[in-house]
Amino acid sequence: MLRYIVKRLALMIPMLFTVALLTFFLLRVIPGDIVEVKLRADGGNVSQEVIERERVRLGLDKPLVVQFGDWMKGIVTFDYGTSMWTGQPISREIGIRLGLSMQVAVMAAIVAVLIAVPLGTVSALFRDSWIDYLVRIVTIAGLAVPSFWLGMLIILGLLSLFNWSPPVTYTSFFTDPIANLSQLIWPALAVGYRYAAVVARMLRSSVLEALQEDYIRTARAKGVFERLVIVRHTLPNALLPAITVIGLELAFLMGGLVVTEQVFNLNGIGRLFVEAVTRNDFTLIQTLVMMIAVMFAVVNLIVDLLYGVLDPRVTNQ
Amino acid sequence: MLNTLDIARPVAARPSAQAPLLSVENLRVEFDTSRGRVRAVDGVSWNVYPGETMAIVGESGCGKSVSALAVMGLLAKPAGRVAGGRIMFGDRDLTKLSTSQLRELRGRDIAMVFQEPMTSLNPVLSIGMQLAEPLRIHLGMNAQEARERSIELLGLVGIADAARRLDQYPHQFSGGMRQRVMIAIALTCNPKLIIADEPTTALDVTIQAQVLELMKELSQKLGIALVIITHNLGIVARYADRLTVMYAGRVVEEGTAEQLFARPRHPYTLGLLRSVPRLDRPRAGLLDTIDGLPPNLLAPPTGCRFAERCFLRAAACEADPPLFDLAEGQRSACHRHAKLEQALAARPAAPPLPEAAPSDGEAPLLSVRALRKDFHVPVGQGRHGLVRAVDDVSFDVPRGTTLGVVGESGCGKTTVGRMILRLTPQTSGEVLFEGTDIASASAEAMRKLRLRMQVVFQDPFSSLNPRMSIGDTLNEPQLVYRKARNRREADERSAELLRRVGLVPEMASRYPHQLSGGQRQRVGIARALAMQPSFIVCDEPVSALDVSVQAQIMNLLTDLQNSLGMTFLFIAHDLAVVRHISQRIVVMYLGRVVEAADCDDLYREPLHPYTQALLDAAPVPDPTIERQRAARVLKGEPPSPLNPPSGCTYHTRCPRATAECAGIVPPLREVRPGHFAACIKL
Amino acid sequence: MTTLSQTALRPSPARRRWRDNPVVDFAVSQPLGVAGLVAVLAMVVAAVLADFIAPYDPVAIDFEAMLAPPSLAHPFGTDSFGRDILTRIMYGARTALTIGFISSFIGCTIGALIGLASAYYGGWRDMIVQRGIDLLLSFPIIVLALVVVAMVGRNRVGGIDVNLICAITVPIIPRAARVVRSAGLSIREMPYVDAARAAGYSSARIILRHMAPNVLGPYLILLTAYIAQAILLEASLSFLGLGVNEPTPAWGLMLSGNSANFYQTAPWMILFPGAAISLAVFGFNLVGDALRDWLDPRLKT
């Protein structure tokens, strides 16, 4: 098992290197110099000399290959360099925001799975009944409603009902858990709706598929109680593929956060990413991209390991 | 309403004086499909008596499985339902039972074994758990008792090391072993009746014999009545006491096995019996066929449903035939049952099979020399294993003849065919077509070669492109290879090709899904002919077809060979089919040729122990012969190709094997003139 | 040869029924799909006829009517520049549909061709394509789109947001390629493809003539589903200020910027454009789902 994990981690390296290579060079293919954007942002007339000096300070005068080498060297030593815009170390920029985004993601995941599993199962079991149609409409709507608009609706509702608006400052869970949870539950719901919808839809179709398998007929031919046919024979088979979706969507929650953090005034990773793109902050973008790739690969590995534990076909090979 | 009256009448003579265990009376089952309502079972009655083995025989779609599923209350919901009739089990009508009453009965009093052992067990539950389930539900055993009984049951069905295997999962069992587990599950509560729906159709012939012998033995020992649903007449002859023949949702004939095989009294039963090639009779002439196709059950014809295809058809057949009581319990649903034998005698005998003689001295059309294929297959966690699918295979195919390649699944016969066509590249060895090596042929040379060698595949449902009309399928090669100058000329030639394979030219405008299996296979043959080849690889061309259609296709192939001087490589697993069509035969086991001989020599005096076992395992459709044959069942299962035995790969199952066999790879040597075998014990 | 020639062409036994018509069959078996189709058609009508049926000019600023609540004159109210929201939603439909359809079409078509070729050739070529797909699939759609925005900048070429379309297309390609590749792999194993290879046809012919028509079903489902995704993505990017630029009417843009300042005073500025996005995406998703259920033989009874 340990050998397998080590092997998988080793296989991640070429993948991550390719990501690094592509992002780094593609970001710099199209002209669009951060220094000019930054210094001439307000239409100010800055001399070429000042611009050149700034370029040297940021190391942009060196050949691209050297810059890439520096970056790679930094990554291995956990030194990601400094933001081209704020001048702060990137590890610090990310560090202060990561906890918040992770917390929202985990809360969203918990809410989503708790809602999705019963919903998807019931929908499949009562296929083509009114309850199935209702669940299908609610879940398709979950894919349709943009999370930022849902967030705005939530704020609108809270404002008109409780006159509550999202606080400007973030309270950590450890200083005041209640304030923290009451602040973060709303963005978690806004991004979790879509998550729940994806998982519920997936589960519905995998339950339907499992119900058509020959072994379900065998179970019925044995005289197994219908309840057990569902709980013991159908659900374990249907939940296995759902694990993949639950994992991947967790890794993809970042996508929802990118817009939702904006709505709720949360200073998280998503917002940082949007700001980096708006400001052409290449060093920050490339590091964030790497971070997302690593997160995805790790979640993938965890999902595969879970399969190893839960699926006897993988365990007893 | 003749039918109903007839069924209500008490039946006089029965092979058994007892009351029936299960009696299906005038059953009607309907399915709602997007194209309308199908009455899959339409007024069917059959009985099973305690302790007997009853077979329900018929071709696909005749309703034989549906009537069994209706007994179990397992019809696919909500589309299927029982629309009429009774199913009496003792004094209870199963169609009137509540869901929970029916559930109590299933698995306890009536158990079922299904066709697909690979998918019929739950992949995420252990075998022990799946075996214990009915014990705990129906018999209220605790975990310990259930486990002890499960170990006993696995031993009973011949699975060694039962205690350990209980904790394993289905994927760790072979297909044959899984079917044994299914039988063990069926036996758990000592049911009164087991219904086996095509229990061995998915299995190889040697494993089929093992499983059927096991079922027969256990049902006799435990006094369980057995209903076997099958299309295989050989199985019926060996294992069934009585049989019921079904056609298009109706019962057409019933009686004891001896009665029906010796004196069938319905033209359909007769046709079925006469359209299968027989291992126990000399090869004679073209096969008898039943012309045409079964009726569409969305709009069944009035009167006798077989009339359209029947050579005895008369005016009387426009009325619905009742089941006429004949002697000693035999019953036939044919108005003209009394005329059957007379009419049969008056029919001209089948024309003799013209023997294609290889012209001596001429170079063979195709030569295969030391062909080998290695596959790298993943074995999990990123590791790969080596499978030698084909190893050192050599043979010649003389011009104008048919070479049969026979063997069980996984023996490499299909891979050989694919390498000959260069659909799969070989690892080493040569394929010489008219002296040209195919592997080293340039792209241009290969295009020329492809015109001369073509292929017909097994599965008629996937061998035609569903998005192309039949006309387009046939025109394409002509236009690509400039066999036709323009579209109109291609259309004309396609029409000619369709006529050649026994279809009407109007078929060109149709799409594959509008055709029956046999018609598609004819189109597949026509597509091969469109290239005007001299050689065709036929890869299991009839194994997916019903027997009556199978005979039509085999006759077509025979006819093409005679009239066009075509050369065939005929790959199949059915020994009787291969024998019927081939002049020379190659037997393969685990990638190697074990025996090669002229057809008649091989079947008269098989030399290799594996060939002998294959022939022993294949049942012939004659109960008298079958009951005289001692059961000589080949033990064990084919070894994993990932880890083949040393020396002779067959030594693990061979009754004649000694220690020596594990040490030497036996060479294929000429034991008699023209008769090769790879066994050191000869 | 009598036995052979008697297998005549049989007249189709069942009478032609009205459900044999695929359009009728779709309508009867997929009521949700029909509902989705209605929403989509409404959107198309609004987009095409916006010039004739929209009550106002979408960019005309009218300080008199600033932040007007919904009324007969302005059914959906006005925004902080006094522009009519209903009008802007109609013109926004044009933006959304154009960008959504073009992006989805290009993305799905390129993806499908890559997937098919990869499935057909197999071996090392398939390996490389697969690794590439895996790599792109490790990013959420919007993150990938934002990276593309960062790479190509935000310029309009000839009145079309080429860069925006590019940013939306790139994440669609690997997703379409993966689906079509897996469909292609099973088609690749079909005997009719083997028959085409045995007939010596060229690879291009086999891919385009024999394989492509058989992935038409999945392709249409993908195309519909990704129009929905693309509309959503365009709205998100515009909301972030990285998509369509003012003053072009776009739904996401209508929700961004200062509209958040008017939660209490002008909630209609938030309600209606968001509802438009949701309804459009919802409609396309319903159609896509219905298409899938309708075309998938396994789920047919």
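For reference, chains read A, B and C in written order, and residue numbers begin at 1 within each chain.
Keep this in mind: a residue touches a chain if its C-beta (ideal position, glycine included) is under 8 Å from a C-beta of that chain, and two chains touch if they have at least 3 such contacts.
Remember, predicted model here, so these are calculated numbers, not experimental data.
**Q** Among all the other chains, which ones are in touch with both chain A and chain B?
**A** Correct list: C.
**Q** From the centre of chain B, which other chain's Cα mean sits the farthest off?
**A** A
**Q** Rounded to the nearest whole Å, what is the centre-to-centre distance of chain A and chain B, using the mean of the C-alpha atoms as each centre?
**A** Whole-Å distance between the two chain centres: 52.
**Q** With chain centres taken as the means of their Cα atoms, state the distance from chain B to chain C in Å.
**A** Chain centres of chain B and chain C, defined by C-alpha means, are spaced 46 Å apart.
**Q** Distance from the CA centroid of chain A to that of chain C, rounded to the nearest Å?
**A** For chain A versus chain C, the centre distance works out to 23 Å.
**Q** If we count contacts the way the header does, which residues on chain A are in touch with chain B in the complex?
**A** Contacts found on chain A: 4, 7, 213-215, 217-226, 228, 232-233, 236-237, 240, 311-314, 316-317.
**Q** Under the definition above, what is the set of chain C residues touching chain A in their complex?
**A** 32, 131, 134-135, 138-143, 146-147, 149-153, 228, 232, 235-236, 239-242, 252, 255, 260, 263-264, 267, 270-271, 274, 277-282, 285-286, 289, 298-299
**Q** Can you tell me which positions in chain B touch chain A when the two form their complex?
**A** 72, 74, 99, 103-108, 111-112, 114, 116, 119-126, 133-134, 137-138, 168-169, 171-172, 182, 185, 188, 379-382
**Q** For a test of understanding, state which residues of chain A touch chain C in their complex under the given definition.
**A** 15, 18-19, 22-23, 26-27, 29-30, 32, 133, 136-137, 140-141, 143-146, 148-149, 152-153, 155-156, 159-160, 165, 208-209, 212, 251-256, 258-259, 262-263, 273-274, 276-278, 280, 282, 285, 289, 292-293, 296-297, 300
**Q** Per the contact definition, I'd like the list of chain B residues that touch chain C in the complex.
**A** Within the complex, chain B touches chain C at residues 32-36, 76, 78-79, 286, 289, 291-293, 295-296, 298-299, 418, 421, 423, 446-447, 450-451, 453-455, 457-459, 462-468, 476-477, 480, 499, 501-504, 506-507, 514, 518-519, 522, 524, 527, 531, 552, 555-556, 559.
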